[in-house]
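See structure below.
We just call them A, B and C in the order they show up, numbering each chain from 1.
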Amino acid sequence: MPPDADAVVDLHDVVATLGQFPALSGATMRVETGEIVLLRGPNGAGKTTLLRLCAGLVPVVRGTALVLGHDLSVDRDRVRSHVGLLGHQNGLYADLTVIENVRFWAATVGATDAEVASAMERMGVADRLASVSVSKLSAGQKRRTALAGLVARRARLWLLDEPHAGLDQRARDDLDNTLREAAAAGATVLVASHELDRAESLATRMVDIVAGRAESGGSR
Amino acid sequence: MTTLDPKTTDTADSAMSSRSTGTKATRAIGIAATFAMGWLVLFGLVLSPADVNQGESVRLLYIHVPTIWVAYLSFVVTAVASGMYLFTKKHSLGWDRLAGASAEIGVAFVGLTLLVGAMWGRLTWGVFWQWDARLTTTALLFVTYIGYLAVRRLGGSHEQRAKRSAVVGLLSVLLIPLVHWSVVIWRSLHQTASVLDTDGNIDMDGTMLFTLFIGVIAFSLLYLWLVMHRTRALAMEDMLEDRGLDIALAERRAEGGTR
Amino acid sequence: MSVARTAWLIARKDLRIEWKSRVITNQVVPFAGVTMVIFGFALDANTDVLELVAPGLVWLATMFSLLLLVQRNFSVEADDGALDAMRVAGVDARGIFFGKVIGLALQLLVLEVLLLFAAVVLYGETIRLDGAVLLVTTMISATCGLAAVGTLYGGLAAGSKGRETLLPLLTLPAVAPVLIGATRAVESALGTGVAELSDGWQWVSLLTVFAVAFGVGGSLAFGPLIDE
């Protein structure tokens, strides 16, 4: 491990491309254990790419990116399974029920049935919704199901892209409380959101993303 | 073959600042190839005799045999270069470009082989195509490497392209013996009568063998010349894309202001 | 999690999705059936000819259906970003590969039995008892090879533009040995034309080598192919 193992995310002048477009044009950013960092910025600023890069889905073209102490260009595989990503897509199988989906994702990291049950309880998709096919859910309910799958997986780094979008008031509160508890228990959270009021009260720190570069807004 | 060494083409700017893909070495090879082709024309069309059975059509073999030899050579080069890309620590993109250039030339030459072969078959056997083991294998090889070239064009970063196509390049090699094995048993089980009794074997006299030999030399030189130019052209394409990225990067940074 | 457990998890998930959605049952099986009928039109419903070429037509219909099955099996992964989610979750690529192969192979086997039945009904093919062992062995080994190739190239094409056309371009030449081998072996098993029962077994060895080669090669190649 490199000397600076404390930083969960440590980006230095990172460039990443979507096709030929440099979505990240030299992002530098450091996130410590237990932080909840809000990524702010207009559409197309590179927030989504930044999150996907940290999850190992978008390759680092230039610069260095360390996540959980591992260089993403060298051993992405060792970062994975400690990272949970909720992107624009939910990663759900439409033909399976809520509980089947959550169980499947929990099983990929060997989580127990009890953890599945508590995660579903927490995101409000237990009981009546559990045996409903995902194709019959509303957008917000799908989001909650995806979040339950994420909660059950006990990730060390949570990467959430617009997690509040489409959720009702109660689900947002559930989510925020879950994130705070996870952070208190030693997880680290990166959130990209346009729901600034809510996200700012949740976050411990803000980072502005402007034209593919990250600028620390400092501690709150 | 120092000029083919991928290391020289890998670092984008070194030695690649020239606007041409030619060097002294390629010029020499090009001149040698031209001379060899001239010899081939002279021997193939003028000095070598017509065959007792096949008549003048035997002259097509002086293209047919060398082109398939070059095609197999280029697919071997593609396989080796793919392996070198995947299994060397440096993952040099030069190997990837060599693999791509070689496969392109290989596909072109297999196409030529099949075309010339069909013409020869029509003249000798009376049909364009025979379901013979070698022919069938060659045709499948042709389609397989067209698929490989399609994979190369899928897009993404240079590294993505290199890794993906190296893997597909090696899988294609896995396929060749299986295809060959299957068509060999298949054709040996079904002995259909050939249209004409001659199966294509000829008693070659000395001049004919020598002509064939010149053909192999000439087409090998042509391959070498093409692959060197094409590899460098691909390197320049990659470089152009990298430059494009630099420009796009500068624009994007300017868009964010001078903060 | 071990490769075997991952594979089992994925295969079970794929089969459960099919059990609930019935997309393959309701669309691919009828497609395969229609193919068998239009082969009859193309050959002018000449039963002598049809009986002779039936094994080949069964496998041809299987290959075409394979392309549809592969596309269905990967569109459930790609539609809502599940394949990406699996990559992030660090699910072992070999596990994903073998899981998808097992799921696909079981779907193919069911389809092949139905197509064979269609050949009996439509083309007047007869199934001999003494060829049964050869028939079953051929179907299993050929299916494993087809499923391995299909999954491998399905995964490669899943994320890319033009996947509908790339998949057949890569898959059909690759499965040509299976088409040749499985057709000849089934001819031997059914005693079509002049085929001898004993001729069939050398094809089974080819099909087995093919399945093992692409099983091993595919499990190694699948990770790099879906990862980039």
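What to note about this one:
Assume a contact is a pair of C-beta atoms (placed from the backbone, for glycine too) under 8 Å apart; a residue touches a chain by one contact, two chains touch by 3 or more.
This structure is a prediction, so every number in the text was calculated from the model and none was measured.
More C-beta pairs in contact connect the chains of A-C than those of the other pair, out of A-C and A-B.
Using mean Cα coordinates as chain centres, the one most removed from chain B is A. Chain nearest the geometric middle of the protein is C, using mean C-alpha positions.
Taking each chain's centre as the mean of its C-alpha atoms, chain B lies 32 Å from chain C. Here the spacing of chain A and chain C, counted between their Cα centres, is 38 Å. Put simply, the C-alpha centre of chain A and that of chain B have 47 angstrom between them. Across the assembly, chain A contributes residues 59 that each touch 2 or more other chains.
Contacts with at least two other chains are made by residues 228 of chain C. In chain B, the positions touching at least two other chains are 155, 159-160. The residues of chain A lying in touch with chain B in their complex are 15, 17, 19-22, 25-26, 59, 61, 210-213, 215.
Remark: chain C residues 1, 6, 9, 13, 16-17, 20-21, 76, 79-82, 84-91, 228 touch chain A in the complex. Those residues of chain C that touch chain B in the shared complex are 152, 156, 160-161, 166, 169-170, 172-174, 176-177, 180-181, 184, 199, 202-203, 206, 209-210, 213-214, 217, 221, 224-225, 228.
Of all residues in chain B, those touching chain A in their complex are 155, 157, 159-160, 241, 244-245, 248-249, 252-253, 255-257, 259. On chain B, the positions that touch chain C within their shared complex are 140, 143-144, 146-147, 150-151, 154-156, 159-160, 163-164, 167-168, 170-171, 174-175, 178-179, 181-183, 185-186, 189.
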